[in-house]
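In the two complexes that follow, chain A is the common piece, with chain B as its partner first and chain C second.
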Partner chain A sequence: MDGTYRPGPFGRSLAWVTALYLVLPILIVIPVALTDQRYLSLPQDGISFRHFETVLTSPEWLGSIWQSFTIAVAATVLSVSAGTLCAIGCWRISRRATELVRVLMLLPLIIPSIVYAIGLYRYFGPLGLLDRFAGVVIAHGVTGIPYVVITVSTALASFDPRLEQAARGMGASLSQTLRWVILPRIAPGIFSGAIFAFIHSWDELVMVLFIASRDVFTLPRRIWDGINENLDPAMAAVAVLLILFTLALLMADRALRRRSEG
Partner chain B sequence: MSSVGRPGIGWWLLILPAFALLLVFYIAPIVQVLTISVTEPSLGFGNYQRILTSSAVQRVIMTTLRICLITTVLALLLGYAIAYAITLASPRARGWWVLAVLVPLWISVLVRAFAWVTLLRRQGLINNTLIEAGVITDPLPLVWNEFGIVVGMVHYMVPFAVLPMLSSMREIDPRLLAAARGLGASRGEVFRHVFLPLSLPGVIAAAVLVFIFTLGFYITPAILGGGKTLMVAEWISLQILDLIRWGLGTMMATVLVLAILVTLAVFSRVVDLRRIFGAGA
Partner chain C sequence: MSAATGHALGLRGLTRRYGSFVAVDDVSLEVGQGEFLTLLGPSGSGKTTILMAVAGFVAPSEGAVLLDGQDITPLPPEKRNFGMVFQGYALFPHMTVAENVAFPLRVRGMSRAERDEKVRGALDLVQLAAFAGRLPKQLSGGQQQRVALARALVFDPNLLLLDEPLSALDKKLRAELQEELKALHRRIGRTFINVTHDQEEALSLSDRIAILNHGKLVQAGAPGALYDRPRTRFVADFLGKSNFLEGVVRQPHPGGFMLEAGAAQLVVALPDGEPPPAAGARSLLSLRPEKITVLAEGEAAENIVEGRIVSWAYLGAGFSLRIETAGLGEIRANLPTWRSAFAPAEGLPVRLGWRAEAAVPVAEDVA
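So, the complex of A and B:
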């Protein structure tokens, strides 16, 4: 819009208040993490990095961070491979025939994770997947598939199907067409999907509360216990580290999209 | 693309891994657990009768519906203001507004709940500041009650409300607004008679999205409600993890899923669902 019509004073101020309401409470954890006190508070006589030091030298926190990271990487691999292939298949086969698959793909976004979590709690018991790395990877990987399907489908929407037909017409096999024609074109969409699937697993708590207990103790689980048991500034330091990590991932995604758009 | 003919079996095989994974590790566990609601403790609909007879069950449902409605209305109002500002902003300012919506969207829900606890609790930053300033003498009860839940939930839901409304507002031709102004309509009239009606599909989509997300939300109400104000998701978890009453817990889970699916089915006639969820990414 070229600026010929602007919101009035009421709309403008409500928008500003909302933006501050969205952003400020998140930023408040930064000064709290830098406090020189032993309890949750703003810095009194200067800032201190000791709460970051506490976190980054604690074997419990580092162990959970590493565990969350490896689970998220494995879950992302699962979501991206299954999701990308599914999106390509749905794109090539007609809309009508794949309607069921498309609806199925929306379910993990619609059904609350508490319902899935209690389902897994019962289902994983006999399979021996409770409190196992593999169990959490499966849970996170499967629920991450829709994010990949959505981003890859968006990327495919701008892909000319005649390129695929030309490749096939010139004798390329299905796997050659996938590898040399389709995948390179939709790589940015796949990467976006990977970032979303990664964040989905990295932040996930509800399933983990039910299907993991002692051996698998992810970062969100440790934060959850911290909030419910001992509120100390180390928690704020963890929050700041998480915010920085999320921002870095989002910036990577933005940069990549900008580059692919030219 | 019909000239090349029907896609071969190979393309169907591409769908197979995702389809099988979802069937075996998503649909099966959910269906299995929801059937418990009619098999435990005894076969039949005994658990569902509790909706009519148990005041505890009714209280949880009413609390959840009340918080959901309040949250949806507030998230829509605030989200509308932001989406409106983004639509009418200059390209430069637009980037910043979008950032103010997207960054909270992707920051961990735990981090956000923790931030609200820091601000709202008895010795929290807001109460301490107000006491030091002499405005109040006793700390206000800002958290571990319904107020705290609504503050945290609205904060979580505003970005989800913005996205569908924004995509619908972007389709409004800006020249319509300028034309209405030029024809002598006041700012309020332009908004009421031109902009608002054209943006309504997005508002309905946003309302559906926020409402169904809020219904089954677990983390924020559990942390900011402090165990005193129970919403459905936390109540289910309590039944299953602490009280080991699978029948009752899964009954409520079934009711929750049905409520969400019915809401979607009713509104799928009015709004395109794929558009709602497509906008989330």
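So, the complex of A and C:
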């Protein structure tokens, strides 16, 4: 902002060092992905795109990418519908009890996912949901709800309740008010929640390790196995692709927010 | 918009409790067809709660709301067909001016062509036809207020409810919009119910004012009648400014009495038919500062009190004086500045005078 005091040299360098510290581990995979060697290493005689080629032509990698993508899309749909309805419900009723509901909804975020995964494993077995597309979608969808509840509740907090009164006073039914007044106002919040829910499912590993084995083999699972079995630089190439994809999603989120604020 | 189709509204013993707090306490009131009624009171007096009960957003604990004699208390707001202008206007920020105004018509499933025509008519009514394509945030406060009015009127509502419609505007704009609102009311002949804490707005806009305090209806009447004949200390104090003179009643007779206040004997005249208080009773008089004059040398008046100016202020159109009197305590008087012969100064001895009908007996408020 113009006119404010600038930070001193010490404060400024500390900020830069911290930022670098956070970003470096992400950046290191980029040269590794471009290595010309057959094992996980930095490029030696020159850079090469052969590992990207491997990933983008291998049926295993492409299959996992596709599977992860479809699971993430289905899980996002589940998270968004349940999370949005929950947030709107809590907001409309807004009593003590709804605070409790909201806290309950955040539980998947607070409880370690390995604990959650053990629980899922126990009761997905009898239900026949282990190693099933539907099982992973349910697990990811439910644990993605908190992100949607948080972003939609934030959007609703700045929603003027008089707009709802105005709509009802002019004769709008509850569903008309929801469709024409409330949803358009909180759409950016819903979209943000959807992006976070998608990313959550897209890179989730712990639960997948427990509840999926052969038929469902998501991308994070394949990277995990790849690292455990051989140090194929293809993993670094996948990692770079993942980073680019996530960055693109976050940019979309930012752009949308800016448009709705502007 | 068809003219002169106002509806009558009645409140019967309307009460609203929140736990042990009584927000509205047994209010009964009739609003005539085409009348402009203002609910006036300080914050927390229950005026907004009454409006919300009329609109259907607040369910009364007891009592009923009647439209043309029919009980509408159980109807939800969307079934009442009342137009409402909210405090802060509550325009839909994601819709253009035209879409905002079209909203109540869209809700009613009206065809697009019919809708467009009505919207145009409503925007013409508030002189905003040129702004149809703008978003609310691209309009000034006064323009937003007019959009809210157009939106509240476009669907031919039975009543127009206004919740502090002008409170967000600056003083000059407020005066302008007051005139517009009044002209609009006269032109479309609908029943308007307005809520405000601004006494000037209430006086200038309304056919009738209902004054509320602590959830109770204190007094209702035409602005002039309320201002000139307040019945309680609260009304006299809230609507304009007032001096209060306390004393003992002497020599009551039809048409007036004498009030013995300190060392002074004041002559009080009552309007026809108002019975005088009993002799020896305590009485409180309300005396408006502008009904007091500073008497010239040798000038006579029905009531004369001598005193000294403690302080004074120049207010453009008038002087405001604080005068320490002999026996009546401190009195405030307002004088028009055009009486240029008079030049106030601190410590200046003055003789104050007022007519017998200027002071009005008022009841002490029951706390």
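Throughout what follows, the second predicted complex is superposed on the first by the 246 of 262 C-alpha atoms of A that agree within 3 Å, B and C clash if a C-alpha of one lies under 4 Å from a C-alpha of the other, contacts with A are read in each partner's own complex, and residues count from 1 in each chain.
Rule of thumb we're sticking to: a contact is a pair of C-beta atoms (placed from the backbone, for glycine too) under 8 Å apart; a residue touches a chain by one contact, two chains touch by 3 or more.
In this text, all values refer to a predicted model and were calculated from it rather than measured experimentally.
In the superposition on chain A, A:V181 makes contact with chain C only, not with chain B.
In the superposition on chain A, contact of A:F210 is made with chain B only, not with chain C. In the superposition on chain A, A:A167 makes contact with chain C only, not with chain B. When the two complexes are overlaid on their common chain A, residue A:M105 makes contact with chain B while staying clear of chain C. In the superposition on chain A, contact of A:M251 is made with neither chain B nor chain C. Ranking chain B and chain C by residues of chain A touched puts B first. According to the touch criterion, the shared surface of chain A, contacted by chain B in one complex and chain C in the other, consists of residues 162, 165, 168-169.
Residue ranges of chain A in contact with chain B, taken from their complex: 1-8, 11-12, 14-15, 17-19, 21-23, 25-26, 28-29, 32, 40-42, 78, 81-83, 85-86, 88-90, 92-93, 98, 101-102, 104-116, 118-124, 138-139, 141-143, 145, 147, 149-151, 154, 161-162, 165, 168-169, 174, 192, 196, 199, 203, 205-206, 209-210, 220, 223-224, 227-228, 231, 235-236, 239, 242-243, 246-247, 249-250. Only residues 160, 162-163, 165-173, 176, 180-181, 184-185 of chain A touch chain C when the two sit together in their complex. For chain C in complex with chain A, the touching residues are 55-57, 76-84, 86-88, 90, 92-94, 103-104, 106-108, 151-152, 155. Here chain B touches chain A in the complex through residues 1, 3-4, 7-8, 10-15, 17-19, 21-23, 25-30, 32-34, 36, 77-79, 81-82, 84-85, 87-90, 97, 100-104, 106-119, 121, 123-125, 128, 155, 158-159, 174, 177-178, 181, 187-188, 190-191, 212, 215-219, 223, 233, 236-237, 240-241, 246, 249-250, 253, 256-257, 260-261, 264, 273-274, 277-278, 280-281, going by the rule given at the top.
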